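For reference, chains read A, B, C and D in written order, and residue numbers begin at 1 within each chain.
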Amino acid sequence: MEKYQIGVVVGSIRRDSFNQMMSGALANLAPAEFSFKQLKIDDLPLYNQDDDGSPSDSVVRLKKEILSAHGLLFLTPEYNRSIPGVLKNALDHASRPYGQNAWAKKPAGVVGVSIGPSGTAMAQQHLRNILAYLDVATLGQPEVFLQAKEGLFDESGNIGASAKDFLQEWMNRYVAWVKMHAA
Amino acid sequence: MEKYQIGVVVGSIRRDSFNQMMSGALANLAPAEFSFKQLKIDDLPLYNQDDDGSPSDSVVRLKKEILSAHGLLFLTPEYNRSIPGVLKNALDHASRPYGQNAWAKKPAGVVGVSIGPSGTAMAQQHLRNILAYLDVATLGQPEVFLQAKEGLFDESGNIGASAKDFLQEWMNRYVAWVKMHAA
Amino acid sequence: MEKYQIGVVVGSIRRDSFNQMMSGALANLAPAEFSFKQLKIDDLPLYNQDDDGSPSDSVVRLKKEILSAHGLLFLTPEYNRSIPGVLKNALDHASRPYGQNAWAKKPAGVVGVSIGPSGTAMAQQHLRNILAYLDVATLGQPEVFLQAKEGLFDESGNIGASAKDFLQEWMNRYVAWVKMHAA
Amino acid sequence: MEKYQIGVVVGSIRRDSFNQMMSGALANLAPAEFSFKQLKIDDLPLYNQDDDGSPSDSVVRLKKEILSAHGLLFLTPEYNRSIPGVLKNALDHASRPYGQNAWAKKPAGVVGVSIGPSGTAMAQQHLRNILAYLDVATLGQPEVFLQAKEGLFDESGNIGASAKDFLQEWMNRYVAWVKMHAA
């Protein structure tokens, strides 16, 4: 049944992260043949090229999980008009050593929630630059810039009424995007 | 024979543009089923939203040519750490009016030649941001950042020996990219 | 009395541009020793390096006006997640020919109004990259990302109540920024 | 004698980092009234907003050192077309909690060494976006995009002959920039 496994990367590691909540709510909009697994990034060391020859267990695990996925889903807040350092650190780890970029050729979607309306938009501009280099093809439209406000989620933690149709449309395009690239 | 028509957009309008020369040399690396047609952008007016209802003939022509293409090829120099205004003006015209973006869903490649080694690289970061919004899926790797120097072209105007294998590899991936999206 | 002359560049050339309106409303918040003059950019040709030796009258005029200013004020909407082509075209013209960049060393402020809340934010990221290269020092905080909505302006075309204190604070910092760099 | 203390942030934490070497070599070009102290960033935890109320000793130390500096010097390699995660993580830590951004109002210079010629250029575009938001005024020209190649350093670890005059000119402008902002 679950033919497409998606590796989910959430750019915030705080407990009640809106992006964390969104990752679960989005998964509920996907068809049954898609499964979502969050990639753990909060136990990675700071990337140091001197360690390329002896990566930590957490780095080995991350790369293995990426390689086994059919597609990727990034959810990013904005820290200081770019992506969080913790997200960039994970991107750096799994791209190394040179020639062994685990992210390569995985189709991806990019989504974000931020407190202000324009935060995640600016973070996603940087993220798309990075992902293009990593040979990750990202779905262009619709862009998903969500503001963390009343009603974004309903009481069950699902997408609230105001954004539901829009995000269902996004999911439909994302599913087609992954299938096209995985074919 | 020519099943895939590619609309080529060259970001410089000077006569002896390196990017103009590169557009012709690249076309020679493509298989026979691909044809390349340059989209004229040097006779467009400066974009003014007030004219959305009565576009000039040059704008109508540009949009029509984009819509009939199966894919796009952008060649951009760098002006002031971004894409030339003349290229952005063309992107703006064909994206309008709202809801009638002619670029949408065309797969694209991004290539560039600049005098310094890092110029087109920075311009392409901005261009990829713009194209993602326009729903143009751009090939990620290999990136093509070419420096305008001795030997880039041979005496016949074809790609010189130093870059030939690399650009043939790029073309092969570009061809596959267009075919996948056009399928 | 008017010791500091500011060259104003508005990135949209449509008649009822919100950024055009904002440029006038902002000028009203400045002290008497500051005067603002809009730099005309809608009659520039598309930049072509072949014309560097024989610039049009409109280009000569633009460069002369920039050189006589003590500071700059940019107001930019967002077109396709970047600055308008018409604005980039003006930036390109006045930066050329090589070694004769008229913008250099002018302190500047960057402001923008867009329909969506995140548009001008993304455009300003690109604009700041360009201005850094042009050796234009831009005021960092507060950032001014304004949404074109009810109440942005009052009936007289001045800043409405909701944004007035914020923009007066911005103007105070901008004035100090220009004075420091012009000293 | 040492009137201006500069906090130096090196974006790579590997032992033989070219940017680390460059930080020492650059300091030798400065006048006697400038002193340079590297800010340690390799012992910071991954930033987690949940810890804002109880920052680690390393975070407290970093913020204290920034606050006591008159200016900043950033040296950044490029990882995946942006700044390293480890550098972004440091930027994030010292910018928080909300309203207590330690970087604010410090004048800064941005320099970088990368293996390829265009790497640090692209990283610096993102870094300047981030620093503008953090209210750090960065020197625009000359840009410093250095390629790690034979002769960049001499046998004593000082700047080699090919780049010495250029970097001395940069240092002279940087010194004037810091003095103007610190006045």
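Basically, contacts are C-beta pairs under 8 Å (C-beta built on N, C-alpha and C of every residue); 3 or more make two chains touch, one makes a residue touch a chain.
The structure presented is a predicted model; accordingly, all values stated were derived computationally and were not measured.
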Longest centre-to-centre distance from chain B, chain (CA-based): D
Of A-C and A-B, whichever chain pair has more C-beta contact pairs: A-B
Mean-CA-position distance for chain B and chain A (Å): 29
Where chain A and chain C are represented by their mean Cα positions, the distance between them in whole Å: 36
Multi-chain contact sites of chain D, meaning residues that touch two or more partners: 81, 122, 125, 129, 132-134
Chain A - residues contacting chain D, complex: 12-15, 42, 44, 46-50, 79-92, 95, 122, 126, 129-130, 132-134
Touching residues (chain side chain D, partner chain C) in the complex: 104, 125, 128-129, 131-138, 140-141, 143, 180-181, 183
Chain B residues within the chain D interface of the complex: 81, 117-118, 121-122, 125, 145, 147
